[in-house]
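Every chain is named by a letter (A, B, C and D) in the order it is written, and numbering of its residues begins at 1.
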């Protein structure tokens, strides 16, 4: 079958790196163009020795030239910082390409909310309404038709999938929800910063960004839509001394008299058609390593009778499911390829 | 000045190990007796090569014989599992020794609650009312007079110190409190178990024991006493891939209209006389490494206007402040030694 | 195409676990039988939640019954301890099955050497001459014909591939070779042992087993055969606080006047036909993460003019290339399947 | 007793950080001046929250002004990069201060060798002959009289102490020595660099700098002096995913017919008077955690009859013994303070 040519703008970060890994195992997409201002002119294996001897290792990195991308690609992944992404997306869309944007630039439908939380002007507001929020379990039909995908944030992916059945079925109070989220260090990106050094992160644990992490409005936008109610959450983030993985511990209050079995059955039902969301058996709790390198979102459920709480534990791989793998799933849908192509991944254990 | 002879029952676990480390730097206590059924007959440095060349390394481990302990020691630390501890404590107290028990056996004043949560019979209920809960910031006067100390659990130490000023001054609702606690792997103890292997813990993160961790009633007992109200908390625990450290993220709801500065001032006031509790400047959040190997409890405060929440972050070293160091502080008070003797420890960074 | 049924004896260790992961991505083998005495009766996902929702997760673990295995399988992987393996292998071979033994039982051609290093009697010496040492780069033709494969040890795989071109071409002195090898903690196995606990391994580094690690005679057997000379090596092992990966730093002395370019060219030539051995460009040194989860053996070369040494750095994933992946490669060859089937794996980075 | 005022130039790196930790526990030195161009004006606890509430936390960081240092201090520690250090040292010495330089600038007695390995001009060659190499076990008498100490490198400390008895007593061949050294990540310093990020170092292992690490000539200078023979070593370095610790595996060839007991006795004899060098019992091998945070150098000895090799394993904490703790020991000697003052440290375990 003919291959579909794809490009990758911004290869030097962890999401770009992860896309190169995943595209090695994809039978329908061919990575034909890879860009980086800093590394232009080098072969990919020169900056990523792990790609030595693999097909993509031989690709020569170029400057991010829209003409070139348009000439070679049908679809482009943007793995560049927000603000930069919106400009490139606009140009590529105009040239007729499909775009999956891994930044935050098109996730918030409300321009004002974007500008408030990201402290900058949105220069392409006209694209906000055409962009589709790329969470396949919720929006697959729209994603199939989209030309611009706002690829979800890592924390929101974990939070939304964790809360979806509970809010959709009105099991829990929409007030007072607390999301205590913990992420591996790839979430902090690959730029040189003292705070991200091995010796500053290892053998330690800390919270950061409280109480205004930028993923808050994204979570609120999506869970409000699910619940049909304006929800304000307390969303708080911590840095784990691990490479990959997010575990969100989500505290809700049951508004119905439900047993763990009741809740469990409704979660299973909600995700019956969605192979990547695994509702764990009652009593089993997720571990980030069990989803390492994969698209799985593992959900564990706890009902605490003493406090009448439903506690939802939701684990994903922040780089794969929370970024690049999800981007690839969206690209699959946009290009008429099977959703799971290239993404039938078994966790690397241990 | 004459040294005070002390003994240690149960040296092979992490709390016993930590006590040997701390006693090396104590000028008034002399460790004269160390016991372990499994390792009796060996010198301490044979099981702990890190003590090679240090005074305690030459101590010969013996069976836990109460006669021998009574003949040699004035005070004994019990670093054995609950259930075992209560039996030994009773015998040693009868022989006139002072006892600091690091297990849970004397922490819960209500025998029924103990038996419910620990699923066993308490054989020494008569000691429950004489035992003093050994949290120096709250109970120093009683500790000075005590002959039996119930050394607090690691999670409760972190939680109670984090909540104390907020509850004492009625800043927050006593309902709906959530404690999302994360602990390093020494908290799981030093027994051989597949789930504690390096390859099962490293590069991963998980919750465990939800929603009925045994430290729950201990926390509730103490914070209810502080608040003068019966409090039920949602207390939930996670395992960090680090050696030492607990970070508790405590979610409360403000019942007064207070700014971060207001809250901060009251926390500072509450701990003014207590050198080990460090209320961090507004905007600074605790990290477990900043308390590594020390008695510090670092508290960070966050007021979230959007959700009207006061979020309290409380970090301790679970082995030192949360167990053996606190035991030593209690022993200092019981023996008329300066509280900080042997415990003026600077964090090992990084 | 019809699937080939395979079985796995001993699933609870890390090599068994890794085989379940790899077989999920293999299009020709179907895992139909999995055994464990301790876990018989459970579904595989009950002991390995990471397999939840994947085909093999539904397999019910059974006792290791040779009749059953023979009835269902064409080929069986043995992931059990040495000594146990030889007994099972003999029975399965008699029943006409193909066997890939991951233990050490058939690696040493000389029964006496086996019994000396492994301190036990070899009860199946008649099988030693039919067993083929399963290193595909060296022995692919024989492997294709074999019914019993002695799957190489992890350290030997790394050492032999590192030394092969140098010894084959007589570049280096056969005397005085030092192999300083470092392995991740999966190499120590998955049994409960205090020395393998997270808190005993993390944030530390140590040597172990010096100077008589059991992989020594295996290395010597193979490199002596390559060199056509009886070689004695100094082989010494260390434990890294990582999950997967071996890096061997191999010290040799050049006997010819060669530049790094000369050496490099001969290494490239030696491995030209072997896609899994990556001779890194001059100046690039291997990292264990660059081969994580894959079949790659990355080789870095250093010529030190001051000491006239050729230093060879050889990195593999001890679980995949050093055990289960190599077992699968051997099974591919034995069953007429493409060598790389199921093993075109990209490294998980980071 | 009157305190001795000391200063610290360069506080933002790991060696500066470690000095602040160690000086907190020193009864005779008072840290009165701390400098950093980047952080001048801040209190020390503002950049190092772990010092909050400790005396040094209140010190205000200043620019590195020699006048100010001379006015306030008797002795100054230089924890700045080489090249910068030599300039500051010259000025401070002229003003009559004692100087302990933690950089490499005065370690090599031969200016040419310095300039060859460090690729820069030595602007203060006149100081090379007055500088004393600060390894207390070898040079205590000279250190006591010195005004300028060249504080040894971390790797050399470990290597020299490991080889000293063997070379002094002519046990081993001076030719063919291989030092395979592994260091924790603090050894790479605290500057922002992608290669030092948590996600680039954790769960991985690699060699670096082969075959021309700059500590090579320093090791050769010192061991040649011990042996009375010009020694060339193969010295090779690796990066461990741990914070602190160096383990050097040193390969030598015995030239005498000696048993392990013979060698052991001579090592014990050599270090009898030196409390920080612990020659471990035969069969016990060092672990980096056993020296964590301390001045200990743990030495394990292995005699391999098959290869006639003496393998020496030498472990130190690279930050404490290998840098700042050793600097403090040298300062103690220079100021007539007990060598061990402030340095009777028990390892933090685990």
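Criterion: a residue touches a chain if its C-beta (ideal position, glycine included) is under 8 Å from a C-beta of that chain, and two chains touch if they have at least 3 such contacts.
Since the structure is predicted, the reported quantities are computational estimates derived from the model, not experimental observations.
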>> Going by average Cα coordinates, which chain is farthest removed from chain A?
In response: D
>> Applying the document's contact definition, name the chain pair with more C-beta pairs in contact, A-D or A-C.
In response: A-C
>> Taking the mean of the CA coordinates per chain, how far is chain C from chain D in Å?
In response: 39
>> Taking the mean of the CA coordinates per chain, how far is chain A from chain D in Å?
In response: 45
> If you average the Cα atoms of chain A and of chain C to get two centres, how far apart are those centres in Å?
Replying inline: 36
>> Show the residues in chain B shared as contacts by 2 or more other chains, in ascending order.
In response: 14, 186, 199-200, 202-203, 241-244, 286-287, 289, 292, 350
> Is the way these chains touch best called a line, a ring, a star, complete, or other?
Replying inline: complete
>> Considering only the defined contacts, which chain D positions touch chain C in the complex?
In response: 176, 178, 180, 182, 184, 199-200, 202-208, 210-211, 232-234, 236, 238, 240-245, 247, 249, 251, 285-289, 292, 300, 302-304, 306-307, 309, 311, 313, 350
>> Looking at the complex, which residues from chain B come into contact with chain D?
In response: 14, 17-18, 21-22, 24-25, 48-54, 186, 202-203, 243-244, 275, 278, 280, 284, 286-287, 289-293, 296, 298, 344, 346-350
> Where on chain B is chain C touching in the complex?
Replying inline: 14, 185-186, 190-194, 196-203, 241-243
